[in-house]
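Structures for review follow.
In the two assemblies presented below, subunit A is common to both, partnered first by subunit B and then by subunit C.
The block that comes next holds the complex of A and B.
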């Protein structure tokens, strides 16, 4: 008699998480449905976010009540989100791998413990702290010193040349994101490197490989799936990061960055910064369009996370 | 930007206040004599936020039965939360639109004071000079038609000033903002091309100016301009002190009479004198671009957005009392409050209309 109750309780608690995810997606889809119908596919492909004249009178367009002139297109947000996260991954991966290798094999055991603790602490710092650091320190430093120097030095490379801007922008955002995700990646990798069979490494060393070659030819290939899995989890975090990006991105509206220093905006940061403006729209279409952005972002992160699970599962099976 | 942090902090402070209020009222509930405490929440405009922070400690000391919590969250949030009833007082630099009023006919827009907006810039070498700017030139800058500081249109207004050949970086607000509302009203009033394309609102679709930056709240605008040489921004007068401490430039603006004037209290009073007698009974009116030789062109009423219908008579009475105190020349509109934030006190005729509106809170 007791067992079915226990079982039912387990099923209920276990199904709570997947059900709440489905409920969240369903809610966003239903809530933003008027916006989805009104915007159709050009929502994703146009650079035109315009709440319309909020002091005008609502008009009816294609059966939907909107403010005069309202248009919603988020291509610049999609580009800003994807490019800043990809750039962050590009910067973070080599450093994170190096740090993980150093902590697990390059440093004496008595030092590895405390140093690893530092890395774990870095991974736990709230993102707004990184944002504030970027805002107060990096933006002026990059904008006044480093970006002008880079733009001059790399004046022959597209996207690295041109106007160095003001310090708010794509590269600063990507840099802050990279600093945020490096500890995340290297904390996981460190454990995996440590768990690689010592026999394999010893075999490599006995064949005359040096430590770098052992790492490159033996340890790293063993870690491939873990690396991809944790990388995708970090990417998920970078894609959804809000506050830190909001504080350093420059919040570009309706235009694409013309080089790596130019202002951008991301989906998550845009939702946070535009919500109070959208609340002014008496037709509620603006809020519904924002929740359509949330839906797009949620779908992207769900796909990214499922990919991560799949890869981790494959690593375990093998 | 920082004000978002403040918002978080003030949220938790609010939680703590409510908790301690509950705890205190539980303690005070024992002796039957104690009067019940009424808590009011004020949220919204970052321009009004410094003034509310001066008012509240003084007022609650005189009226221990009332607790008032303040938040600087942006005018958009102020209006929305006053409508939803989350906040009793929504602070806004912008009045509500006709469509919003039609939707929420029981919401009042009550002016508490008059504010001024500065146009500030960060042009190395010229921050001590008050550059002369006009509505059409600002509209040109913010729509990307005027891109360099030594553009002929700017040079024409500033004969004898050596302007740098450097790109202008316009800074605008990203949050729903009364400052954006009054700034774009000035651009719309002075420049038909702006009026026909972008228009005015608490948030507008800013034309794409490559390099242009969005900042959050007045503190965010000051910070962004400070770190952005060759930038230009619109900032509320209650942030004048940080602007001066950062050694940023302050522009003289062209008014309707074609004169260039600074955002001083005297010039704002001149503008208010021209406009206040036009104020309708519901007090929703733009004071921007007033006639008169000395009138500073960007001034506005600072509104308390409140609902006519309150949950009970005690709350309504507490709100009437506080708001009447706020607009009283011997209370909240006393010189030591108003000059501390560089505002202009509410003129008598407007105060009379405000009192009439306050009486409607039931």
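The block that comes next holds the complex of A and C.
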């Protein structure tokens, strides 16, 4: 029998993909195991990240060597990550749907190509440039004019009142994240709108609906699964975004936001900003605790992406 | 457009018979239209504002000095960072392209069974993994465990893992667009599987695969998070060592130099951001142009 060299080679190289995913999870789990054992589950819902006295002598607590007074709790990161991504989704969804409709049906075909370039290129801008834009343009603008104005105007709404802050914070991060994920949602939705059967639309039109009503009552309900799938996918992106959030979030430590202008930090941004100080810990527990955060973030995004892809597969969208 | 003609027809007939669209419906439609137009204008405005902001701040700093000087603590040029970005993007592409394209071929030609579905699913999940997590894993495995320290190789391998799923999926899509009859013709002429793929399918899908590769390079150029703790940072030119030798890259300049208190550092950060953005956008536009040109020259397969 002839050995299928070509196919065997293909299979061998293709297996790099799942192997790297498994390796990622395995390496992180193994490396952060001491931290997992030390922190138990309180890690997730205690609000106390403290590297301890880095100049003291290591002490042994629960069989693990740590610096005196060291505690690792990331509730503020969980809250910051989830709330900023949820706010971003809230802002991005309507605008992405509107833009997708505008580009797929609102303008004539010959204009739609060049105009959709705006959306596609927006998706390609590196996240650190988003961060720079947020830092240089949005933070001063929001902090000096828009947030004080909002805080004054909406002083009767619970989370919109109070100290408008400096511009670094939850709402600024959510805004930057929203601008980042709008093109993602919009691009897939645009294709799906185009793929919808024209018969459905024509049936709606012949009942006397105008085009927007057809979109709202017929096309959009039909694309519900796609919409949810793409939404979750974008959520995954927002949850894991590092650089842009790092530059505009204010990098709060052990602080829970009391209104939407307050500084926050997210898991991804925290990992990026804290490794340098974690390396000062001679017991290595701080680095392992950071790796536990990375593991939590990885598992969250894997679950989120899993759900999104499952939904999109059921809707037969690539 | 057919729908538009139908709509006009319906409304004409309705008004001829004396039917009127109620005020609330007309108001709602008008509002909806305003929202739709607003949302597109919002996206376009954001794009223009990002590009404009970067360009305006970067303009005074765009001097030949950028290309001839290396960075120092607060300023200087960007020669080393530009070199580093190129080294790592090209390195990651060289590693990721063969593996990614081979995986794409597997997915498209043999990926209809359970294993293929699983693989496709996992590569889609891999796309969604935050790049900082990739960077951290690169840090604990290559930088610490293998003892490479902050190094070019660690950066390149981390980027490679990030790029793999993109390249695999774009290759798969490109090959899947080629009709079955083309493969049958190849096998009918007595070609083996390898020959069909390498001599018939790959050339046919080349423009689309190239577009995917251009996109991947653009993506790797713009990444910061996976490189922070794998490639490190260096103020000097790369000396050709793959391990134990950190390297500079443009995105690092953007995020550290903007935090310095000096105007010169800020200008350098904006200049780096401008170079990165311009590079990424140009690569993506070239990729699209290649696709259009290739399809025009060779003709697209009709599915």
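Methods note: the second predicted complex is superposed on the first by the 313 of 318 C-alpha atoms of A that agree within 3 Å, B and C clash if a C-alpha of one lies under 4 Å from a C-alpha of the other, contacts with A are read in each partner's own complex, and residues count from 1 in each chain.
Heads up, the rule we're going with is that a residue touches a chain if its C-beta (ideal position, glycine included) is under 8 Å from a C-beta of that chain, and two chains touch if they have at least 3 such contacts.
As the structure is a computational prediction, the values presented were derived from the model and not from experiment.
J.: Taking the superposition as given, does A:143 touch the first partner, subunit B, the second, subunit C, both, or neither?
T.: First partner only.
J.: Which holds for A:211: it touches subunit B only (first), subunit C only (second), both, or neither?
T.: Once the two structures are laid over each other on A, A:211 reaches subunit C alone.
J.: Quick one: is A:135 in contact with subunit B, with subunit C, with both, or with neither? Answer first, second, both or neither.
T.: Both partners, subunit B and subunit C.
J.: Touching A:265 in the superposition: subunit B (first), subunit C (second), both, neither?
T.: first
J.: On the A-aligned overlay, A:191 touches which partner chain: subunit B = first, subunit C = second, or both, or neither?
T.: Neither partner.
J.: Have a look at where A:246 lands relative to subunit B and subunit C in the superposition and call it first, second, both or neither.
T.: both
J.: Counting residues of subunit A touched by each partner, does subunit B or subunit C come out ahead?
T.: Of subunit B and subunit C, C contacts more residues of subunit A.
J.: For A:49, using the defined touch cut-off, is the partner it touches subunit B, subunit C, both, or neither? Pick first, second, both or neither.
T.: Touch partner of A:49: subunit B, not subunit C.
J.: Counting contacts the way the document defines them, which residues of subunit A are shared by the two interfaces, the one with subunit B and the one with subunit C?
T.: Residues common to the subunit A contacts of subunit C and of subunit B are 128, 132, 135, 243, 246-247, listed in rising order.
J.: Residue numbers of subunit A touching subunit C in their complex, please.
T.: Residue list for subunit A touching subunit C: 4-7, 9-11, 13-18, 20-21, 23-24, 27-28, 31, 94-99, 101-103, 105-106, 108-109, 115, 118-122, 124-133, 135-137, 179, 182-183, 186, 198, 201-202, 205-206, 208, 210-214, 216, 233, 236-237, 239-243, 246-247, 268, 271-272, 275, 290-291, 294, 297-298, 301-302, 304-306, 308-309, 313, 318.
J.: How about subunit C: which of its residues touch subunit A in the complex?
T.: So the residues of subunit C in touch with subunit A come to 1-4, 6-7, 10-11, 14, 25, 29, 32-33, 35-40, 42-44, 46-47, 49-50, 53-54, 57, 98-99, 102-103, 105-107, 109-110, 118-119, 121-137, 139-141, 161, 164-165, 168, 173, 192-194, 197, 215, 218, 221-225, 228-229, 251, 254-255, 258, 269-270, 273, 276-277, 280-281, 284.
J.: Which residues of subunit A touch subunit B once you look at their complex with the stated criterion?
T.: Subunit A residues touching subunit B: 47-51, 53-58, 67, 69, 71, 128, 132, 135, 139-140, 143-144, 163, 165-168, 243, 246-247, 250-255, 258, 262-263, 265, 273-274, 276-280, 282.
J.: What residues of subunit B sit close enough to touch subunit A in their complex?
T.: Interface residues on the subunit B side: 1, 4-5, 73-74, 76-77, 79-80, 97-100, 102-103, 167, 169, 174-176, 199-216, 223-224, 227-229, 231.
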